[in-house]
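Comments concern the structure below.
For clarity, chains are labelled A, B and C in written order, and residue numbers in each chain start from 1.
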Amino acid sequence: MPDLVTELGIDVLFKGTNFLRLLGGLWSALSISLIAVAISIPLGIIMGVLMTSKSRIIKAILRVYLEIIRIMPQLVLLFLMFFGTTRAFGWDISGETASVIVFALWGTAEMGDLVRGALISIPKHQYESSEALGMTSAQTYLYIIIPQTVRRLIPLSINLITRMIKTTSLVLMIGVVEVLKVAQQIIEANRMTSPNVAFGIYLTVFVLYFLACWPISLLAKYLEKKWS
Amino acid sequence: MSDELLKIENLVKSFDGNTILDGVNLSVKKSEVVVIIGPSGCGKSTLLRCINALEPIQSGSITLDGEVIERNSKTLPALRQRIGMVFQSYDLFPHLSVLDNVVLAPCKVQKRSKDEAKQEAMALLERVGLGEKAKSYPRELSGGQKQRVAIVRALCMHPEILLFDEVTAALDPEMVREVLDVMLDLAKQGRTMLIVTHEMQFARAIADRIIFLDNGKIVEEAKPDEFFDNPKTERAKQFLNMFEFDSVKSKDGLDK
Amino acid sequence: MKGCDGMDGEVIMSYLPLYGEAALLTVKLGVIGIVFAIIVGLFCSIIQYYKVPVVRRIVSVYIEISRNTPLLVQLFFIFYGLPRLGIPTDAETCGIAGLAFLGGSYMAEAFRSGLESVDKIQTESAYSLGMNRLQTMRYVILPQAMSVSIPAFVANVIFLLKETSVFSAISLMDLMFTAKDLMGMDHNTVECLFLLVSFYLLILLPISIVGTVVERRMRRAGFGN
């Protein structure tokens, strides 16, 4: 093995199924965000529309919900869901389930705010001119409002997805076996044989997360430029 | 000639493939007031910006009292202190009061004492009629007032020559006069001034020499009376005709 | 008196000092980290503003890396990975370094948008008065840029303080660590979680409110005319 590779501890990657295990760990983190995103988008849209409704009560409740989720560090929310529900309701939910629930709640709140922002940024005269042209409310939404909203939303939503992917690294702290946990296991196993394994493995994890997030953020930037 | 303060030789400036200034030769003597006029796009603003090295030049030289003005040279800030420039957009520093606007550069660049600078600033502000506005902020002033402060700000640096780039072009008509009056006062004091303007009456009154610029070249140069009453070149005649409404009337046979 | 629904006041009182200490640590590391993040951010944004040749590329790369990797991973790398290369770091320095690394790019973005919002003519006026680049940046551009950057800046401060919650992963005895530790020991889950939430609210709510007030004041003052 070339010296540099051993020096950097990367040789461990090639042993057995180590690399695959790391990827598996990354996948388990990513799948949490994917599921959460899938739930957040429809729920978030509904919430966003509700936030522009006329009812003050609904707006207030949703606003409070948003602010609470936003001000708490995500890890605290994870703790609350994971440890708190066991105590409060006697449930025994897994780390994965707790994570999905928390991320879905977070994602819905953020998405709702994004949708609300996009909806109110559409100037009133758009609604009025379509009415003047004789379009019904549904047609106005379908042909005028929604296309514009979608354009504004997509780059921002992609940005939210990137943030979610990064935050899934936290699920390590409530016991979910994801990439960092796998990394720790590999390092433990190889500590004696390969002194610099910690460096190499964590560097790999670093690069893996970067490769997971960066293309998505590039896509967001590209779309933003294209559509602005 | 030690009398010559600013000397521009064969100045060529192009941008994006277009030649904006095509071999301009110009010199300004001490205490002289030179006014540059010309149609839009002829390059007069660009000329002033080149003098102050705000724009890069392709060839030619600009010297102030023998010293060459060059972008990216260490002597540039020092030379710029000796040139006072007032822009068309009367942008003062919005986060500073009028007085602070005026004394900022004298204190930080010329390292003068704050008290001394403040004294002079107040005197200058009084002279242009803005003494009581010293503590006000730019957003509280009118365009004409801001422009007068901009002139005072430039004056406080004790420049040897003043450049004015269409300073009244963006002002409401009522405020133009107050600014022009300040400039006339400066001319009477014997300041060296290089003015770009399209206020013809003003140009005639203030200038020692008129320079007519068209398409990046100096087309005609003369004393104001000569230029306005007897333009020698066709181009100058055409340009000045635009300001003569009588000739338009007689052409259309609307004259009695 | 422990109940399933209620909280034991005595337990809470006994835990308070521990949480208090942890909160102080969180705030201390957070503030130091944020200060360094500001320095890094200022440096990067000025480099980008003046388009300094080589350094600019390095800054761009740094920003991309820092924004596309989670703080937790960065911390693990710095804390567990780097010592192997002979760079020893204690947990606190690590935490601060991680915050500075992550926060620097966010601050850079906030400052950059502020710098770019200042009209070019302001720079030209300053140059015409004989000011050099440094003086212009210091007396003319930065003061005007700052007010535009403030909303993003406050958002970043809150974000970074929230991010400190991962410090427990490198064994720093912050609020999360204390909560987890105590829960494991005595199983007073409700009290532990209650205190955890309360202390974070205590730290974050005031800043959030200050931020909203400052933003409103700035808008009223008509800054950035």
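Rule of thumb we're sticking to: a residue touches a chain if its C-beta (ideal position, glycine included) is under 8 Å from a C-beta of that chain, and two chains touch if they have at least 3 such contacts.
What you are looking at is a predicted structure, and each value in this text was computed from that prediction instead of being measured.
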- Task: Identify the chains in contact with chain A as well as chain C, in label order.
- Result: none
- Innermost chain, where centres are averages of C-alpha coordinates: C
- Query: For chain C, which other chain has the most distant CA centre?
  - Reply: B
- Separation of chain A from chain C, taking each centre as the mean of its C-alpha atoms, in whole Å: 20
- Provide the C-alpha centroid distance between chain A and chain B, rounded to the nearest whole angstrom. 58
- Could you please state the distance in Å, as a whole number, between where the Cα atoms of chain B are centred and where those of chain C are centred? 48
- Taking the complex as given, what residues does chain A use to touch chain C? 9, 71-76, 79-80, 83-84, 86-88, 162, 166-167, 169-170, 172-173, 180, 183, 187, 195-196, 198-199, 201-203, 205-206, 209-210, 213-214, 217
- If you look only at chain C, which of its residues touch chain A in the complex? 64-65, 67-70, 72-74, 76-77, 80-85, 158, 162-166, 168-169, 176, 179-180, 183, 189-190, 193, 196-197, 200-201, 204-205, 208
- Item | chain B residues touching chain C - in the complex, by the definition given at the top | 52, 54, 77-78, 80-81, 83-85, 87, 89, 91-95, 104-105, 108-110, 138-139, 150, 153-154, 157
- Which of the residues in chain C end up touching chain B in this complex? 119, 121-122, 124-132, 135, 139-140, 143-144, 147, 222-225
